Amino acid sequence: MNRAAVLAFVLVVSLLAVVPWLTTDRFLLNLLILANIYTIYVLGWDFLGGLAGHSNGGHALSFGGAAYLSGLLTLAGCPAWTIPALSLFGITLVGALLGWLFRRLDGAYLLLATLAVAEVAHELSLALGFTTPEGYTIGGEGGLPVAPLLAREADWFYGCLFWISLFFLALTVLVLYWIRCSLPGLKIKALAQDAVVAQTVGLNPDRFRVATFAAGTLVGGLAGVLYAQYMGVATPSTLSLEFSFVAMTVSIAGGKGTIIGPAVLSYLLNVLLGWLWVAPVVRLLLYSSVAILAARWFFGRGREA
Amino acid sequence: MEPLLVVSRLTKGFDGVQVLHGVSFSVGAGEVLGLAGPNGTGKTTILNIICGLVRPDAGAVIFDGQDLTELPPHRIAALGVGRTFQLPRPLRELTVFENVLVAVAAGRGVLRARDRAKAREILARVGLSDRELWPAGRLSSGAMRRLEVARALATCPRLLLLDEPFAALSIKEERELMALLKSLNRQGLAMILVSHSRRILRQLAHRVLLTTAEGTFREGTPGELLADGELET
Amino acid sequence: MEQELQLALSGLLAGFTYALVAVGLTLVFGITRVVNLSHGAFFALGAFVTCSVVQWGGRGFLALPLVFVLSLLLGMGLERWVIRPVRRHHAVVAIVTLAVAIFMEQIFQLVWGPDYQSIPRELPLVGFMGTLVDLQQIAAALVAVVLLLVLFGLLRTRIGMAVRLVAQDPEGAALVGIDVPRVQTVVFGVACGLAAVAGNLTAFAHSIYPAMGRVPLVMALAVVIFGGLGNVHGALVAGLILGLVASGVSFYVSPEWSYITMLLVIAVGLLTRPSGLLGRVGRRD
């Protein structure tokens, strides 16, 4: 456990927490809220793909899936206060199921299988939709509306959501980092490095596979639920391949499995790219270049991964 | 007394090549069985089947009255079978200490102070205390072999499967490892030892199972097989 | 019945060009054990370059050699400088090729714009025995078949045997003096070239847009997994079968469901085939 890193992290979070008192600039708050949410999202991949070594090619499913569950529950008329928890629970179950289903797969095959499942969800979100008698489109490109717990029109909406998302970000980082430094984290790392050896000393690979998938999906889903609450809508882009790709890239470039590294990188990238109003095309060019370079740097010949 | 391990009529083929043709043998508690023979005659496969990494086409493995044949490797490890590999496979990015600790605490959810002490003690037994905090990938190959043994010991095995543990060791390292294994055996640990060296087998093994390229096998004491010229140095 | 026949014919013909893409992907997997997720982007590159050539007044099929050479060189460079350094890490290669695909999609968008484009057909639809026959589709299929025959023919030559040896036993191939890295680079480039050629051949048939490579990629992956990873003849048969399935679903339900079906083939295929293939792969890796 790197005490210095944890302390520095707590300090930064405390400083950030002061921001809504200093300014009500919506642009800035929006930037920071999204940075919080997207960083939680990336941490989900860093835990599952980085620490546990299970390359999830469809991490967007945990984010968009949770958002869409919120939307579907809204459509079904569920009381608003139950929706976040139910969505989170539902998507975590899906994650555990996928972890169990694909437990014999590894490496690029696992990546491909999970990518395929997420793409199916993405296509369904685009393809399924209907028009109400009043002429509203539900589903398809426009997505699904989500019943908010906090009134979006209120002045304090942005401040509140900033604190809530910041709180969950801090919680996520601390919990995941703690797991990483604990005995379960050691076992997860052992299984990630050499599953055969790990089994011969008594570690159950299937159980850990399901657990880490559930955990990674839970974290990604947390970000998705927060997003749905913030935006008030679940859109197909939350399930897209590009979105899955961004999680992988930031995790790898930040030092996969370290939790703190990807968190910092994700935050900086989101704030910077948002502040500069960088277009999606340029963002993706940047991310894809970073992915190629980071892969070369961390996994290139002559370097042990 | 019932033997600790009974292996009966193990048969295994890979990609159309038959490697094991119905091997049977047993190992008593506290006994050391040597496994010798030319390369490719299935010695490592036998070990892989016993510890559960490979499923046999036919045959059974009974350990202390329990049928291991269908069990997954982690359950077999928990029942008391430890394993080292022919080419050492340390968990490279973990420290030497963590390599052993994860095996000690494999069955638990939370670390206890006892676990750390036990890991330390095991590392002291194999002579790696001074390198506890090294990343395991940094060890010399001799030290890696000792780490393999340490990791296998951490699961409190009653049967230790050793796949050529003496290969590529210096004379001094070989002597140290031999002393360690002998002492462990004196304390009651049974072993199956794969080795090509008659010197090693003569010192350590009570009996030897000799595999042949045709798939037959012979069993006897090291002295018997040596006298017949079966064992090479 | 006529409609079904026409559909079947169309599906079969499309299958030949898909087979071109799938066979390339299979070859790459067999030689380098790489799951190349940028394969579809090369298909798109072929279509885009063809589009430009046509817009500058050239003929579509004249663009074919240009498209092939361009993609061959690009693919070879990709294998040499982007993929080879990380080849030992299975998942990282997939991520890196995905990065390349996304990078290329952004380039397409910057250079050609995000809108849907199309080019006119050069050969007409003719009536024949009461059904409509698409001459251009037949021509495309013929070219694909010729290329496939040339490819299979090459595999029987000494060069081809060297390639096959690298696929089965790279260490052994190196021992016999075959320049294994060179073979891998060239095969990768050829596969990319074939994908681009498929893009050129079918450019007339659908819209051209930056992300158009995803459907062919998914189709090719489905074919490769269904036909057996690394099995070139299997890829051919699977290409034709899945081409028919894709056409059918596309027509009777919708193109989106055709895409979804192929994705499910991938997921289910990986579920049911891992141990045998992974086992064999694992032992080599």
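Should a chain be cited, it is by its letter among A, B and C, assigned in written order, with residues numbered from 1 in that chain.
Keep in mind that, in the parts below, a contact is a pair of C-beta atoms (placed from the backbone, for glycine too) under 8 Å apart; a residue touches a chain by one contact, two chains touch by 3 or more.
Remember, it's a predicted structure, so these values are computed and weren't measured experimentally.
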| item | value |
| --- | --- |
| Starting at subunit A, fewest touch steps before arriving at subunit B | 1 |
| Identity of the chain that, by mean CA position, is farthest from subunit A | B |
| Per-chain Cα centre nearest the global Cα centre, belonging to chain | A |
| Subunit A and subunit B, separation of their C-alpha mean positions in angstrom | 43 |
| Cα-centroid distance, subunit B relative to subunit C, in whole angstrom | 48 |
| Centre-to-centre distance between subunit C and subunit A (centres being mean Cα positions), rounded to whole Å | 32 |
| Subunit C-touching residues of subunit A, taken from the complex the two chains share | 55, 57, 101-102, 104-113, 116-117, 119-120, 123-124, 126-127, 241-242, 245, 248-249, 252, 281-282, 284-285, 287-289, 291-292, 295-296, 299-301, 305 |
| In the complex with subunit B, residue positions of subunit A that touch it | 182-184, 186-187, 189-190, 193-194, 196-205, 304 |
| Complex contacts: residues of subunit C adjacent to subunit A | 35, 82, 84-86, 88-96, 98-100, 102-103, 105-107, 109-110, 214, 218, 221, 254, 256-257, 259-260, 263-264, 266-267, 270-271, 274-275, 278 |
| Residue ranges of subunit B touching subunit A (in the complex, touch as defined) | 51-53, 72-74, 77-78, 82-83, 85, 89, 91-94, 98, 101-103, 105-111, 137, 151-152, 154-155 |
